[in-house]
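Per-chain residue numbering starts at 1, and chain names A, B, C, D and E are given in the order in which the chains are listed.
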Amino acid sequence: MLGFAIRRILMLVPVFLAVSVIIFLMIHMLPGDPIDNLLRIGAGPDQRAALTEKYGLDRPLYEQYLYWIGNVVQGDFGNAIVQRRPVASLIGQALPYSLTLGGLALLVSTVLGITVGIIAASFKGSWLDQGLMGGVLFGSMLPNFWIGLLLILVFSVSLGWTPVSGARGWESLILPVVTIGLGGTALVARVTRVAMIDAQGRDFVMLLHAKGVHPVVIQLRHVLRHALIPVVTILALRIGWILGGAVTVEVVFARPGLGSLLIKSLNQHDYPVVQASLLILAMAVLLGTLLGDLLQAAMDPRIRDNLK
Amino acid sequence: MLMEVKDLSLSIGKVALLDRVSFSVDRGQVLGLVGESGSGKSLTALALTGLVRRIGGRITGGSIVFDGQELSDLPEPAYRKLRGKRIAFITQNPMSALDALKTIGDQVDQVSRLHLGLSRKAARAHTVDILTRLRIPEAATVARAYPHQLSGGMKQRVVIAMALAADADLIIADEPTTALDVTVQAQIVMILSELVKKRNIGLILITHDMGVVAQICDKVCVLYAGRVAESGPVWQLFDTPRHPYSAALIGCIPREGMAPGALKGIPGTVPSALNYGAECCRFASRCTRADALCHTTRPLPHSQGAALVACHHPQGTAAQPEALDV
Amino acid sequence: MSEPILALSGLTRRFSTGGGFLRPARSMTAVRGVDLQVARGDIVGVVGESGCGKSTLARLAMRLLEPSDGTIRFEGQDVTHLGGRALKSLRKKLQMVFQDPYSSLDPRYTVRDCIEEPFRALGELVPPGRIEDLLDQVGLPRSFAESYPHQMSGGQRQRVGIARALAYAPDFVVLDEPTASLDVSIQAQIIALLQDLHRQRDLTYLFISHDLGLVRYFCSRIVVMYLGSVVEVMEDPHAAPRHPYTRALMESSFVPDPEARATIVPLEGEIPSPFALPLGCPFAPRCPRVQDRCRSELPQPTATTIGRVSCFNPIEA
Amino acid sequence: MTVTAPVPGLLPALRRSAPVQAFASWKGGVAGTFLILVVLGALFAPWLTPYGFDVQNLPGAFQAPNLSHPMGTDEFGRDVLTRILYGARTSLSVSAVAIAISLFCGMVLGASAGYFGGRFDRAVMVVVDLTWAFPEILVALMLVAIIGPGTTGTLVAICVAYLAQFTRLTRAQVMALKSETFVEAARGMGASNAAILFHHLLPNCLGPVLVAGMLATGDAIILEATLGFFGLGAQPPTPSWGGMMSSGSGLLFKGPWIIMFPGLCIALTVVAINMFGDALLHKLDVRERVRTA
Amino acid sequence: QDVVAVLSQNETGATSYNPVSATLLSVGAWLMYDRLVAKDENLQYVPNLAESWEEAPDGMTWTFKLKPGVTFHNGTPFTAQTVVDWLPLYKGSENEYLFDAIDHAEVVSDTEVKFVMKRPEPNLLYNLSTVYASIPDPAAFTELGEEFGVAEVVGTGPFKLDSFEIGNQTVLLRNDDYAWGPGDATGHPAKIETLTLREIAEASTAFLELKTGGVDMLMNVPTDFVGEVEGSGNLKLLELPGTDLVYMPINVTKPPFDDIKVREAVAFAINRQEIVEAVFGGRGKAADGFLISALPESQIAPEYRMTYDPERANKALDDAGWVKGADGIREKGGEKLKVTLWTQSDSIFRRLSEVVQAQLKAVGLEAEILTFDNAAIRDQYKTGEQQLAVRTYLWDNADILEWFFSGERLYYPNISMLNDPKAEELKAAAMTGAKNSAEREANFRAYHEYINSLYPYAPIYEPVQLMGYNTDRVTLPEPLHAARFNTLGFLQLEVKE
């Protein structure tokens, strides 16, 4: 298991490098030029040249890449060109917000989704199943910004339970978490339900019943364990959502976050920030797949053995 | 009688799938339940173990008496206490019957802890003991293994071990060897037949394989389209099958010394459960002996020799089935 | 023996599975060094336990898999590496019926589409009336031509599979456990049909099965495989076997006769993993007649009165 | 020699009439009827309403729903119902066209990756998985930043955002089908790779993939709306539901109907698409496979 | 004693509080720094850090007498030497143009500093009163480098920086030593202890925050919410004269706008009054020139004013050879009169553009709207591909004309791409040729009129600044003796307990 983890992490290195090249090239293909944003208005070509040199944009592409990736490996993401701060500090400021919001939303949608999934699967085909799944579906059918505003109207304005927006205190997290969580719940519930139904139909469940095991025990201790494997795999892959998927919610609730940082920087052509944010997202995704694989192996002895 | 089933009828939804099925099995006896695919063998097993409710089925008539106790209307909690403890069920496919995420030991322990109230430790010792008795080498190690690390034959023995873990009185085995190789099948079948003798328990063996029936069963019950066609002692069935269907079935087995071309099969196919028809012989459309009566009146089981046969025109004592056209 | 229609020599097929970054691939030999000659009109039965390479052998013979080693000759012509048009024309003479009638028919094809497919694949016209003829031959009502597989029973589907294999009037048909998933009564129907067709059309069959009883009834020669190798070839299906494995197989099958009850002494031990075959005879770990030599040396086939056996210590006739 | 036998595969798929069956269930019936009404409304918009979708009447702005304007008028005095009818054209066609393109590319990619396997497969899947793992909205916003706003940007963004899903689904289906014996049988009869792909594999995964595409159309409508929220969707005065819904949330107070009705249309249409899709999947009996792909 | 205010839309997104290099500063900069001079509500200059000042008759020196006892947040005293050290910081920076005319500064005494000019600069006081002339501690500024204005701010203003999260919020703490405020507010520190300036991009979120008491004031209430604010019992609006102007640049190099007739048509096709009524709820006024009406330079001769005159617009197009087609769109030589209209993604911009689009269509010009993200649009202008655009600027000095129409600032900010020799001459005269204010005013008026005669833009609207606040929480000074609600406003702001 440990060996496998190490091997997988080693394996991530080339993938990570490949991804970083793709990101680097993609960013350099974007229209617009950060130097434009930086140049004093009316500045002459020599000032442009000076700035270009200062940021190393005049060197061959591969050199720029090597320089950049070399620094990244040492934890230095460079300086934001437009926002004039170390990229690391910009990201450091945004990341905690994204992590708490995304993490909590993930938690909520996982717990809620799995619960709904279990109930729906246990009463498959009944009105309870249809009602729950229909409700969850409807909840995920509205655009996020719309849900967010409605939630504010109901819970902040009419009931006064939560603050409208901002990022101060746990209360201000509730509505954004619910907004994102609703969409995620639908996905998790759907996957859980299907996985449970699939597992319920497998032969071993009948044998468990034949052994006289209580149905609730079967459902929670045996079937759920099987069902969790695909759920965990899908959730792990969706880690990108945790960090970057909250853009609209960040706008509606006036919260900082990696998603809005990325989009803002993209629009300002602040290359270093965009590069770093994308890289971090990609890294999260890669780690997510790794985590998914490890969890899968931890949960399934067959996969564990395959790794040996 | 350890278990006596009388006129058991069963439906799933509106479809009647079993129609007045009767048979019985005693301690030390092996009852073979045979019939073509879809004839209701597995459903019968599910009905006996009270599991048929799980797939939406409902017993619509008849009785199941187990050790003096009526089971057909037993509430689920009481049934659950019985199941696994006194009536053990060995399901069809050993490859998938075990929970892939738990160790063999845990799965066998579960039975004795649940039904015998053994402690974790005692249960494991018990498990290892049973596995050893089923001739599993290094039982303690195997108990720590996961299902995928075992061969099919081993897994099937583990499932049998579960059936024994709480000292069941009756084992119902649904095609325990279909998915296994012949050599492994031989092992499993021999283990089961020994168990019946040694422990003096009852065994209901559901199988396709007439060879297995011939070798280890004492009684046979031939199901056709949800009804019993013929049931009786095994020697009579093979010797002088009375129902044209059982006769034809036996004629389908390739045997040593059979002339080329002798194997004919039964023409036509089993009717689907949706158009079984109530007032007729369900085999009539494939039967060479069928006449108008067979198409309008349901044959009732009656004694023919040592067996009960549900046929208007049972065969005499002819050992060979009459010539049938494909 | 006259010119064999199919001759396999030294046919070997290795598979490598798993493998990836920093993980070594594991290699296994599914079929190794199989020599086999099938005469025109023969019905050769291949038996063996699950995973011993029967289907792989069939696929190799059909040129659906590329052999790792060895040659395949069909009607005297080396077809081991045939490709393109030549392979297509070989397909006209060489057909196969598959084990599983449920997945061997495209669910979106009608029976007619299925049977027409060989013609279409080779870009030819379907002779008028051919479909109806074929349906007649395999005993299906003509009205089935427009039905879909899901509307038919397993036995009926298998008949469609057979009709499809016969569409081009092949000389040689490989039957890979054509009845394994069917009831005995249906199995008997299919076997009877195959026997009829064999007679009428002078076909040659390579019949694969794990049911020794069936093979002994249906085939004119029996080939016994164990872990990829042919351990025994019996020219007379009813003769007493020479190889201990063949005998174990025979003894393991239950005789369908309650009068002939016998205590079966099952074969002990487990089949070795195909990924780590023992050095010597693969059957040695389970063999009741094992000798020291068996564990270190691979026995070569030797001729017997009833065929050929690969064993150092064969059972005497 | 000519091939005269008509190629089967696609036709039977249609002949099996799953859509007709889906209609028969009450859920599918209700949803399907709703969808048909929406599409008819979009098609016949000019005949259904006396107003123009872009004719402003500033003095008549912010009229609450009334008899002559059943859904009220917007901030420019335009009839909301009229704009919803015309907006359906944009919203539905942009999503549908984008999904159709995405579906086509996804099927080609997925089918070839699944069929040929090996390195090609691995390379395709790494890229596809990465795009899949990135949030759609981020992908879309980035693409719009590159391509520029408007329907083209939205189209491409939706295309790319859903490509991964279709590729994965097709690939999974093709891989499953590839091991079915009938594929081997076809090869045994001399069929070429192309014939197998086009006559056996693709027709067989067409159903589930098409329905997945249909379900994605629902999501795409929402994505289009979200891009509209950022002001980057269809450009005025072309109405689109997303654009209407996000034309300044201040209207939520001043003229809630201006936002509510398009929002309601989006929600209902997407729910209807999902319901109908589910009913279809049920009939095709592949619901589970598609829903979790 | 905490107040939370939401920044107005046009101040969001500032990335730094560095007055020397930033091109966008929010109200926070007004509060953390002081300037030498301030402006009152009549745009007259009043003392801030400078007690008094004197311009030499030839305009070649300025002497400023500084308030004594002023200290920076870090305790460093503010003296004449500070001013001398401060000016060179601008060398090579974004805001260098402010002090172009100054040669150098000299210490006269501790509280007196003299600016020696390269040329007379009648606009110097204005420049010194802008937020970009805020005075940081030069020592700290040099020491902190890029970090200055982001991690730390050292000014003399009434508030100190507590924390700054880009794009999110700035928290300011009261500077208890502050006693040198401008005008009436001098002699005491701010009445509130902490001031949080939040950035909320979504207007309705901001409004709901105000409504629920989550924030105490909105620096700018979008017109859509005016009715709502007025309708809520505890909310009130404060209307201040605006310092911004909404207009439509016309790219004079892109056909069909290379034809002055077409530009003229556009300028007269826009019904400003309708826009004020329909889009802005009747608040603000129709603009007819490029400058806000508080500036004397906006008082130009009537023939240079651009107003709504559809007949003139139609006639101009007819004269230019564009004939109305069947669909109402004009054509010439088989080509339709179709242009693009660029706008920003704020809803008010989009709405404005849509009305303009309809009004242009009425005279037969079809404009296709293209929306860009606020942050992205600047780059787009640099391509020079635009034809029409909807823009706004915020400035209360006539030199803005130079900024947007100088031939040296083509592409951006001169989106109109105007490069006219005569305009350049007039510009030079206006910018650097005047010896005193009166002359400067006349020169700028001539420059303004000439630019208008070329129609490189169409004026649209002059908004008012609408502040919304919660009367249960805060009391705003009324009347406010300042042009904008910044230093003075926040110094006098009181919290109700």
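Note that in this section a contact is a pair of C-beta atoms (placed from the backbone, for glycine too) under 8 Å apart; a residue touches a chain by one contact, two chains touch by 3 or more.
For clarity, every value in this text was computed on a predicted model and none was experimentally measured.
Between subunit A and subunit D, the least number of touch steps comes to 1.
If you tally contacting C-beta pairs for each pair of chains, B-C comes out on top. With each centre defined as the average position of its C-alpha atoms, the distance from subunit B to subunit E rounds to 90 Å. With each centre defined as the average position of its C-alpha atoms, the distance from subunit A to subunit B rounds to 53 Å. Rounded to whole angstrom units, the spacing between the C-alpha centres of subunit C and subunit D is 48. Subunit C and subunit E have CA centres that are 88 Å apart. Shown for subunit B are the residues that touch two or more other chains, of which there are none. Multi-chain contact residues of subunit A, defined as those touching 2 or more other chains: 31, 145, 149, 153, 251, 263, 267.
Residues of subunit D found to touch two or more other chains are 145, 230, 249, 252. Chain contact summary for the complex, subunit C toward subunit D: residues 59, 62, 64, 87-88, 91-92, 95-96, 98-100, 103-110, 113, 116-126, 148, 161, 164.
Remark: subunit A residues 31-33, 36-37, 40-42, 79, 82-85, 90, 93, 145, 149, 152-153, 156-157, 160, 163-167, 251-256, 260-261, 263-264, 267-269 touch subunit E in the complex.
Those residues of subunit A whose C-beta lies close enough to touch subunit B in the complex are 202-204, 206-214, 222, 225-226, 299-302, 305. Within the complex, the subunit B residues that touch subunit C are 36-37, 151, 153-154, 181-187, 189-190, 208-215, 234-235, 238-239, 248-258, 260-261, 263-267, 269, 326. Interface of subunit D with subunit A (complex): residues 126, 129-130, 132-135, 137-138, 141-142, 145-146, 218, 222, 225-226, 229-230, 242, 245-246, 249, 252, 263, 266-267, 270-271, 274, 288, 291-292.
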